[in-house]
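Following this line, the structures themselves.
Shared between the two complexes below is chain A, which has chain B as its partner in the first and chain C in the second.
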Partner chain A sequence: MPRASTRAVAITGLGAVTALGPDVRALVTGIAEGRCAIGPLTLFSHAGRCRIAAEVPEAVPVPLAAVAPATARRLSRADRFALAAAAEACRDAGLDAALRQQTAIALGATTGGMRETEEAYRRRRAGEDRRFRLGRMLGTPLSTSAAAVSQALGLFGPRVTFSTACSSSALAIAAATDAIRAGRTRLALAIGTDQLCRLTYAGFDALQALDPEPCRPFDGQRRGLSLGEGAAALVLEDADHARARGARIHALVLGHGTATDAYHPTAPHPAGAGAVAALRAALADAGVSPERVDYVNAHGSGTPQNDAVEVGVLRAVFGRRLPRVPVSSTKSQLGHTLGAAGAVEAVVTVRALGDGLLPPTVNLRTPDPAWADLDLVREPGRRVPLAVAVTSSYGFGGHNVTLVLGRAGAV
Partner chain B sequence: MDRERLRAEVKALLAEGLRLDLAPADIPDETPIFGDGLGLDSIDALELVVLVEERFRVAIPDEEVGKRAFASVAALVEFIAAEQGAQGS
Partner chain C sequence: MSPLGHGVEAFWSGLLAGRRSPDGAVPPFERRSYARSPLGRRIDRTSLLALAAARLALADAGLAAEAVAGDGTGLCLGTALGNLNETASFLDRLFARGAANPLVFPNLVLNAPLAYVTIELGITGPTAMVTEEEASGEAAIAHGVEVVAAGRARLCLAGGADELDATLAAVLGEARLLTRGVPRPLDPAADGPALGEGAGVVVLEPLAAARKRGARIYACVEPHPGFAVPAPVHGWATDAGAVAAGLRPLVRDADAVFAGASGSPPRDTLEAEALKLALAGRPVPVTAVRGTTGDFGAAGALDVAAAALALATGIVPPTLGTGPAPRAGLAVVREAPQRAALRCAVVPGLARGGMCRPLRLEAVG
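This part shows the complex of A and B:
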């Protein structure tokens, strides 16, 4: 049953900074064209097995008028990505200063300004700085990105930062949804942001989790994930409030579910216990039966383990209907943006619903033979009217979050 | 070290060491280094003390000395010159 007693949550603004470009338009165009943004790693040197990543290509415009110059100078790239995406989402939602003032922030990230901190260590070790420089390390706490956003855009609502590995910003969306449902705020900005850094790059490579070639989710030859970076932001709003002010509603957050694996620091539970529970909980929360799901935006990282477990999860929940549920992975185009992935993929899924365009999994040549019955969406995507979609994010340590999104007017 | 060269080095240290959006030559001699002048804050102050101490081998032991030394670029140049003179360098 739908949750008639709680408020409906609308998505009224979208923003994104990704390897496909500096805004949502660039993201949606690149996705529709089947572009793969994974290329040479240029941000830092790495001596391991892999040399590729999905880097944000250029400096993105960041609104800094309200930020003290000394603070603005020290923002990390992760802070700047978050700020650019948040500003775009607020513009898209038509939030003026008075509305922004009431807006809460929920942000997810995994390493934040780690790259700048690594650079401070490198400079110290290389003798370029004789002592550690505080000003180069101020982006270390994950909370700096949300602080920068609230300061730059004048958001005075409650502010929280989540770090649950690769589900961080999916959890931020879930938390923002709950805050609106409970009537604690009418507006919330859910953000995910992360930048490439040596720690994650070398760490994933050492774990042999990276594919030396651009990742190939669901392919029989897949060898791992590709790392990416960027940010995405969604303005979530009490649907009645959105309608009353005449805001355009992109989609609705119908429900969310969270569950843990309690199994291993990096490997998913072999039967996807937490992921199954999260997906079922999300559908129950949304009051949507599995039969009504038109599209699955998969976690689809491209590691041999993840994709196998994830297909098992989908089989467990969708059963004999699974061959009729289109599935694709945005990570084939943007790499895995870690803490940003949940929000980035939510934006992609919202636009898929609105545009009636299933995003493809690129680089998928020969699907794993065990999944011959699945509807794995390949290039060039597919036009089809969509009403309900789910998007899942599975983080290391078994942090599983699933969101159920619905097209405005269709649910 | 003559004053002109020292002044240029101090300005370069400010611009590059603190990563200011300002060319060294555009930093005025008499503007207060902190406060509204160059838009520097307390973290910059901490860093600048370290940078000046390292670069010019002078000691800024307390706030009183700091206030005097960082009153302006011109004051900082005089402070460094005096300290280095006292060290016999």
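This part shows the complex of A and C:
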């Protein structure tokens, strides 16, 4: 359906906790250096064929002054990631208590507190605990992370939590954009968070979807994805409001599109029908023609199927110009951060626009011959002025979201 | 789909008659009645409940399933805990044998109901899966209302589903968080909720379009973004005044309130106090459907259905289990349905962690 409004929404704050480090600076440095953060799986034991993941490396400091100690003890690791990223984004945006009070929250997640819950479940079933420890399972509802962020940081605008698999936080960004465009709020924090857990790791491995080596998006020998974890947060703000208070505008959300494959619970539509529709709808919503796109941050999970379908999608929309549009997959460095991917990759794309620095596709030894003509940014550190970029996330169940982002001052 | 039976008629007549479900379970049904795609055999119970409710809603709206396929239709579903049964058995196998079932894993994502319903009905428009604990049903319907109001879809199916599960019952039972008898919503003597399961889906269309096609209109609803108040992250807010401030504009002219009260003391206390303050002494009829259906995250979708039915029929169903002195002196409808001129009904949509996603419905015509 065509949209009436195409007002751009400002991004005035960024936060991130990823396998590359505890904040946006670490993330951007790691991206620029082309560092691959996929390493040994240490968080739990797994008896399958895959033993690697992109783990958040250290205990993450979180702002818990406003949270009772009993509550803090019961926060899941996913809650903590969300809190840390949200705190950084709010600080970055210069949100004081009054502005935070009115800030809405839109969060995307898939595993939430499952790591803690599965362990409590295991212990009870094995008789190691005589009762279910409910206090360890309180993070099971995914909306807990948004509640934690709200209470810890004093954000009391409208709140929503989405879970659409890999596109969850991209949908959260889209929803936050809509809320601001519709005038329901002037400020919204869009967050994505996810943590590794045995259930998800074992499930993907059983589906033979994991590469035993670090994933190789777009490589001819690619064998699957690598799982990651972390969180990212973006402060979205009405552009006039941002300018009036002198906020630094990192970039603009120019538009977004969501479309559904209605095809299969896990496999993408073979012709990428939903992905094409989402990309086209996003560009239309942004009022941007394909010729104006300077960079594509792909879903690029590294599975044989996804990458092939995705290139088909990009060819369908960008046509003969595609070889001149740099395309890269951040999952080559951070793995697939599932519910956090939309937000993490949006932060990476925002910084790419601002810095004029293309995120690379690492681990790419030999591109699939089907796309030998494409510019997949195999080398880190390439500087190019960028005005407009797209970032796409494709979720299990055929849920596709594309965001169109523009450099502040360039559009 | 509710513990009272399959479809609107069973739900509404059961509510009015004060029928009590023995176990909070949706009565058995044939999978093939609702799951018709080749994937139908694999659909998990939560998704199946959502799919059944979606098909029933379309039939009730006089819409053929084929007519809604395509990108002009949206779908917004909510669930608090999703597919618990298969998650538990997946983990059992993983921990006992180190083996994971690849056929079950795709069903464990929280958006499995969204995927299956879009596949079965061919919906390719805007879709979303939301999760807001006790307000999951309300939040999904509220999101659907926004989708239609923004012109992003001509039609939107919206609602939620949650299933009964033995592990959940064990977890809550061991923590002594369930009633030992029957749930008593809004009763000071309540000792906890009873668990239930079910799914509720509504069909949302622009009012003008619905009139144009001669649809039977139960009620109309405006978008509302909801609000948040300070609260313990994992618990219920204790400042009823903050909740009342948010609800006051919505209940100012309400003729009925469909409370989420379940017999859980902290939840019921908050809701009762907040409603008392927000209603400012007006003796507005209040009823709590969870006294009948039991408690589950998406039960609010059934509240919305009940509110719409109340507006269409002028009848507020009674609350089961509540004694003669309800909390906060609220005018809880008990013992028999209450007939009234109903122009406006409100579903408060409270959830833990300070979340509130209310819906205000109005009679039409």
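Here is the rule we use: the second predicted complex is superposed on the first by the 402 of 411 C-alpha atoms of A that agree within 3 Å, B and C clash if a C-alpha of one lies under 4 Å from a C-alpha of the other, contacts with A are read in each partner's own complex, and residues count from 1 in each chain.
Just so we're on the same page, contacts are C-beta pairs under 8 Å (C-beta built on N, C-alpha and C of every residue); 3 or more make two chains touch, one makes a residue touch a chain.
All values derive from a computational prediction rather than experimental measurement.
Peer 1: Examine A:305 and indicate which partner it touches, taking first as chain B and second as chain C; both and neither are also allowed.
Peer 2: neither
Peer 1: On the superposed three-chain arrangement, identify whether chain B or chain C touches more chain A residues.
Peer 2: C
Peer 1: A:102 contacts which: chain B (first), chain C (second), both, neither?
Peer 2: A:102 contacts neither chain B nor chain C.
Peer 1: Given the touch rule stated above, what does A:73 touch, chain B (first), chain C (second), both, or neither?
Peer 2: It touches chain B, and chain C stays clear.
Peer 1: Which of the two partners, first being chain B and second being chain C, lies in contact with A:151: first, second, both, or neither?
Peer 2: In the superposed model, A:151 contacts chain C only, not chain B.
Peer 1: Output check: A:134 vs chain B and chain C. Expected answer is one of first, second, both, neither. What do you get?
Peer 2: In the superposition, A:134 touches chain B and chain C alike.
Peer 1: Let me check the overlay on chain A: which residues of chain A are in contact with chain B and also with chain C?
Peer 2: Comparing the two interfaces on chain A, one with chain B and one with chain C, the shared residues are 68, 71, 74, 131, 134, 138.
Peer 1: If you look only at chain A, which of its residues touch chain B in the complex?
Peer 2: These residues of chain A touch chain B: 68-71, 73-74, 130-131, 133-135, 138.
Peer 1: What does chain C use to touch chain A in their complex?
Peer 2: Residue list for chain C touching chain A: 39, 42, 71-72, 75, 80-81, 87-88, 90-92, 94-95, 98-102, 105-112, 114-116, 118-119, 121-133, 139, 143, 146, 150-154, 167, 170-172, 174-175, 177, 225-234, 297, 351-355.
Peer 1: Provide the residue numbers of chain B that touch chain A in the complex, in ascending order.
Peer 2: Chain B residues touching chain A: 18-21, 39-41, 43-44, 46-47, 50, 54.
Peer 1: Write out the stretch or stretches of chain A touching chain C in their complex.
Peer 2: Interface residues on the chain A side: 1, 3-4, 47-48, 67-68, 71, 74-75, 104-105, 110, 118, 121-122, 125-126, 131-132, 134, 137-138, 140-144, 146-148, 150-152, 155-165, 171, 175, 178-179, 182, 184-185, 198-199, 202-208, 258-266, 273-274, 277, 395-399.
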